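Notes to accompany the following structure.
The first chain written gets the first letter, and so on, giving A, B, C, D and E; residue counts start at 1 in each chain.
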Amino acid sequence: MWWVRALLWLALLIVLLALPLYLEAQWLRAGEYMMVGAVGAIGLTLLTGQAGQLSLAHAFFLLAGGTAYTVLAGGQEGERNLVGFNLPPLLALLGAVAITALLGIAFAPVAGRLRGIYLGVASLALVFLGLYFGQAAEGLTGGTSTGRAPEPFSLFGFEFSNEGDLEILGVPFRQSERVWYLFLGLLLIAFLLALGAVRSRVGRSWRAVRDNEAAAAVMGVSVARAKAGAFAVSSAYAGLAGVMTVLWFDILKPDESEFGTYGINVSIAFLAMVIIGGLGSVPGALVGAVVVNGLPQVLALYSTKLGWFTGTGEGAFTPVLISSFVYGAAIILVVLFEPGGLAAIGRRIAGRLSNPARGRE
Amino acid sequence: MTPAELRVENVTLRFGGLRALDSVSFDVQPGSLHALIGPNGAGKSSCFNVICGLYRASEGRVFFGDVELTRQRPNRLARLGIGRSFQNAALSSHSTVLDNVMLGRFALTRGGFLECGLRLPWITRTERRHAERAAEICEFLGIGDVLHTPVGALPYGAVKRVDIARALAVEPALLLLDEPAAGMNAAETAELAHTIHEIRAELGISILLVEHDMGLVMGIADRVSVLDFGRLIADGTPAEVQADPEVVRAYLGTDHKENA
Amino acid sequence: GTKGGGGDEGGEGAGGVRTGVGVTDSTITLGVMTDQTGPFKNLSTGITHGNELWVEDVNAQGGVCDREIKLEIVDHGYKADTAKTLYPQLEPKVLGMVQLVGSPVTAALNSDLEGDEMTTTPASWSSELLDNPYLMIVGTTYDVEMIDGLSYLQEQGMIADGDTVGHIYIDGEYGFNGLRGARYYAKQHNLKLREVKITSSDNDLTNVVTGLRGQGVKAILLTTTPTQTGSVAAANKALGLNVPILGNNPTFDPLLHNSPAAGALDNLYVVASSVPFSADIPKMQEVARKYEEAGFTEPPNAGVPYGYAVAEVWGTVLRKACDNGDLTRSGVHEALQQTTSAETGDLVAPLDFSKPGAPATRQVYVAQPDKSVPGGMKYVKELFVSEDAKTYQAPHEG
Amino acid sequence: MLTVRNLHVRYGRSVAALHGIDLDVPDDGVLAVLGSNGAGKSTLLRTISGTLRLHRGTVSGGEVRYGERRIDRLDPAAIVGLGVVGVPEGRQIFARMSVDENLRAGGIGARSAEDRARARERVHELFPVLAERARQRAGLLSGGEQQMLAIGRALMAGPKLLLLDEPSLGLAPKIVERIAGIIREIHQQGTAVVLVEQNAVMALQVADQAVVLETGTVALAGSAAELSASEEVQRLYLGGHAESDTAAEEEAALARRQRVGARGLSRWTG
Amino acid sequence: METFVQLVVNGFGKGAVFALLALGFVVIFKATEVVNFAHGSLVLFGGYLVVATRETLGWAGAAVLGVVSAGVLALLVERLLLSRSRLADPFSLALLTIGVDVIITEEIVRRLGVSLPFIGDAWDAQPVQVGGVTLFRTHLVAMVVATVLITAFFIAFRYSNWGVAMRAQAENKEAAALVGIRSSRVTATAWLVAGLLAGVAVLFIATQDFSGAGLSRGTHSIALAAFPAAILGGLDSTAGAIVGGLTVGLVDALSTHYVSFAFAKSAVFLVMLVVLVVRPSGLFGTRESTRV
């Protein structure tokens, strides 16, 4: 019954394609933010779920990717000593992905020596280094004081911004609508690539290394290379998510403290997405991203719309606070009742649809 | 692949003060079924680990044909045509049987993240072909009906067979089996003996076997090497070895006739 | 059908005034994007209450342009991502924003604000922001505060040309802008400036002060959070350094009087262009009385008069726009640039918004902590401008 | 006296591993449990020792009693407290702890420090290698040494009923003999034993009673001698061991072919 | 020189508190292999109760109450949540603690409102001068308390079965159950103890001398800053907690002055990274080693 599943995916895709015609800009923004999360989460689920390497460095690669894009696509600004290469945005995006992949490989020798939580905390070091360089390397990032505006993305002359008039079915296509399609495209590519890799020898080598390095080696897998490969792929995903982040914010602004757009909280949020979705599951990562990145946004939008939690003043239950509670509770509930993550539920449903579970995991 | 000769030459392996292997030498003739036996802790698995490059020999060398194995990285082994099963199975328990066995095909296939991710036509084609072969191997070992079951849910005996299937999936010229019959009853052991026979007969490969089930060893081995405390104490045909008083003392024990 | 189809492009409203987004015949809606959950909730809450008090007052007097003023308040919890999605929801409802808290938030929304011609008052006084003509900074900027403050110290004989002084600043828009002022003054007066960059989340500055003591500083300048100010003051005393400490407006919070650092605040001088809650001026006393009557539970801070003053300025601008017959966003922007003297009853120095890129005022007060007065600070010097501040050129000026 | 009545056990929702097992092990008895892979032998021991829950298994019917106490609802530690101690399948030593610490952990359930010291002495006597390697990381021991450690660890608690799940797994013939001796000895000192074994020769030698499990039910039961003589046990569990007995082997191979309908394996031609 | 001495003194003083925090991580990790991300919220909770009750109970009474309640809360978290998901791996459980952490922290920060209460009344901001060096009383008391507690733990781990039982059941629940270890009791005790330690730690953290700030979200972040301390020493080592804590304190103090404040945090992590590259399980941690 594979075609049932294929039809469901297709239906989802069509809905996603049609949404910009119906949703207001703020909802599109929220959706785009979920897509940013999804791309990053797919990367992390490959690294942590498939290859068994716990990483809290995701936020660092996000910053690296965002910075790389901004620098590659941006212009030289003498007055502020900003470095820029004026590359076409597509090239800059690919460059950013490549650069973050290389950074991932550079960290791989360290990562290769460490295991479990030791690797997790060690990778946290990158986030702090990122914080430091974001502040120190003002020529690249623009510094924490003002940040730096990224070149809007454009493809063959078509700008993903408010430039030019475009109207489809009576709906003016402005930045929010255009960026939606850009992100959807990027997510689709990221998703399919990951799915393909997981089901092939590459994914198999990652899982082998995760479960038993010696056995993996004897079967012909170079453990160091497989680990480095997973790190590179995962950082490339994070780098792409970083590019999307700066495009979404319309600004690259390094954080002022370790809690921010590229801080530990973000690394932890990615981890939460991956676990909520089910470690190692690529579709699960999508669901995780919707929950973690989407929930606060949607809750905030809804509550102001419906006039919930309008308390001001001290000790009020604001939407931001409520969404933190829901986020926390979601994590607890998933681990309590479905340690395999939401993907396990999905798999059970799918299992009922089509009998023999396909060899995956 | 015509099997080459495996030569273990004066291999010594030290762990701190402990000599797990003490200047051990023996040859595995092409196409033969060679058993390596000895008491617990004698160094049999360690010897396998040296051959596979998982342990670095402190002294001595191991050759497979012209290739010096002791200078190879472990992941080269599969490409040289050496497959191995493990004493503790060492499988991915969450993954399915087929997925575990397909790992054995790793060295026989190509393609990195992008090629596999894009599912280029040639990737899918080879993937399918290799999956068919993996299924065939599983079928041969009697685990064809659990291809899509996670290994963790299988009983011990089936798990051991998955491990052997994975080793066979490498398409080895030399197969190293570490206690394949452990945890099997007499009938299952006999079945396994037959399977091993068949593997050698039909594939024409060499097999090096570590096993404590003397019925199995003496029944099918062409030649037997005996280790004790890391030293080689006997090397010969099953009959010779069984008669060796040193081997009886160190390994078989007095009433082995009935017991074995 | 799709969401497309006829946006209201504005038009002629009641009283012959052109209107647009956020304005109906009976109401004018202004936005507040604030932090009620995150690290800046103290100050933000004060500002919001100040805004609310003014709205009550003005509506009691019949509103502006025959319309009632309404506030649309949303909390972003100091999270730029939340703010970024909330903004498009808020944007179609409001004429402008009387409050926008958080420098990462302001940065993330900067281009949207410019694109939507949304006149906005950020709760930030960095002159770096002035390159966006739609940002209305009520009060002087951090750099100017520092220059005025340093000249006060020198005038009082606490520092002299050629001295070494330390400046502890938070990395980011706020700290860096203060540092800009300190650097300028140091250059004019040959001071040796020891710069220490810190992050907003690290509060224990004992080691920093230990270091400054080793370098023999004669004064410590701060562009920090109130908590960090407390740490510096405490360490200044504990380590026996005992030099004057100069901080600008956001460095002080009356809560410091309840902290262990309370006994070490006597060396602290605060420069600001808006008055402390305790200020002895009629308008402030009126606001303070109203604050009490409104029954807010939070202890008041300098955010309250500031929030009130900002709203007052908005009142001035809106009335001008009304007089011009144009209550659209561009009308408001135009009115803002025509505002050469916004009066706030001395809650804030008189303001002049007609020179884009330049601070609206360069006058400051100097105050010192005093536990006995409400608001926790008392004046030591009335509004003044130093010579150096007059000649200083802000980054986007001219 | 251990009594098992009409025991049903499931794993998760779908796998029924035991359906209706009945067993008795007297306080001075040794019961051998035979059966092929997946018959439910380990499941039986897990149920008695209370560790079933750790495998997501549940008792869906019947009961297990030790003496007067019903123990199928007790937690494992309480069961150990009653003197029922198990050696799990596949060793499960504490790999990261030293050999000595493993034994110490085994002694936690012991009554007194004296008992503990005596037990340790005895374990060292039985398995000298454990004394030699006292400080070594247990995970680095050879497979057989780990098995010895697992048995030694259980003995540290001074059991009254010992549950052994394939103790001879991976042990050299000489050691298997020794284990058989140990079981006899333990038994003589008044400890009852439930012995799950693939090595039927050894198991039937030391046991006085025996059962054969097949797919979750008791297929055969009786005294060890009776079972040794039964044809089916001969064929399936004792048969293939004689070196020359290729007939049994052939038969088994034939059975396999019929079972899986497999062809042989041909060479891979790429 | 004077500056250097003062910095070292400051560093060790803070290090003592980091060691206490690190010990909290170590106890739970030893017993369950779970990294407790909720430690920061336990710290906050203990502190909050001190603040909430000191008007009525007096400082000492409130302090005792705070410490005990933090312990009880930890115990509840273990009993009500973690023990119910026994089949989840340590990894997922660590994530579960993140969920717990978010909820407790947000609620307490909400309750604190705009106040930033300090709670080291008995010793805070009363420095002692010795020669040219300022000794902060908070640091001194913390050092004494940390030394006493950590020594006690060291002895308990070494000479009682508690330590063995902990590690055994952390490594293999089934095998531990089979030797009669009540793993639920061991884990519950570990959590209780970790909670108590968190409660003690906050008495030093929410002070002018240590963190420069009262009870607030920042208090919570500081508990996170003890992470590198625990890792650097080795997550399952008591001695590691001390060495890790002191190292973090010292590196932080020295790099603040000699490199830059902004770099200090990175410096702590860099030192940790270097240690890990050389010793992948921290200075005193048990090495992972497996064989086939």
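In the analysis below, a residue touches a chain if its C-beta (ideal position, glycine included) is under 8 Å from a C-beta of that chain, and two chains touch if they have at least 3 such contacts.
By chain, with names taken from UniProt: A = Amino acid/amide ABC transporter membrane protein 2 (HAAT family); B = Branched-chain amino acid transport system ATP-binding protein; D = Amino acid/amide ABC transporter ATP-binding protein 2 (HAAT family); E = Branched-chain amino acid transport system permease protein.
The model shown is predicted, which means the values in this text are computed figures rather than measured ones.
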*Contacts common to subunit C and subunit E (chain labels)*: A
*asked:* Hop distance check: subunit A to subunit C, minimum number of steps through touching chains?
replied: 1
*Could you work out which chain's C-alpha centre is the most distant one from the centre of subunit A?*
D
*Have a look at A-B versus B-D and report the one with more C-beta pairs in contact.*
B-D
*Among the chains, which is located farthest from subunit B on the basis of C-alpha centroids?*
C
*Where the CA atoms of subunit A average out and where those of subunit D average out, how many Å apart are those spots?*
49
*asked:* From the mean C-alpha coordinate of subunit B to that of subunit C, what's the distance rounded to whole Å?
replied: 75
_Between subunit E and subunit D, distance of the C-alpha-averaged centres to the nearest whole Å_ = 44
_Residue list for subunit C, restricted to those that touch at least two other chains_ = 37, 45, 171, 197, 199, 201-202, 297-298
*For subunit B, residues contacting two or more additional chains*: 45, 54, 86-88, 90
_Give me the residue numbers in subunit E that touch at least two other chains, ranges are fine._
87, 110, 113-114, 221, 262, 265, 288, 290-292
_Set of all touching chain pairs, with the criterion as stated earlier_ = A-B, A-C, A-E, B-D, B-E, C-E, D-E
*Across the complex, what residues on subunit C touch subunit A?*
1-5, 36-38, 45, 48-49, 52, 73-77, 79-82, 84-90, 103-104, 107-108, 110-112, 115, 126, 128, 170-173, 175-177, 197, 199-202, 296-298
*Where on subunit E is subunit B touching in the complex?*
291-292
*Using the touch definition up top, name the residues of subunit D that touch subunit B in the complex.*
11, 15, 34-38, 42, 89-90, 129, 140-145, 147-148, 166, 169-178, 198, 200-202, 235-243, 246, 248-250, 252-253, 255-256, 259-260, 262-268
_Residues of subunit E defined as touching subunit A within the complex_ = 29, 35, 37, 81, 84-85, 87-89, 91-96, 98-103, 106-107, 110-111, 113-114, 221, 224, 227-228, 231, 235, 262-263, 265-266, 269-270, 272-273, 276-277, 280-282, 285, 288, 290-292
*Using the touch definition up top, name the residues of subunit B that touch subunit E in the complex.*
45, 49, 54, 86-88, 90
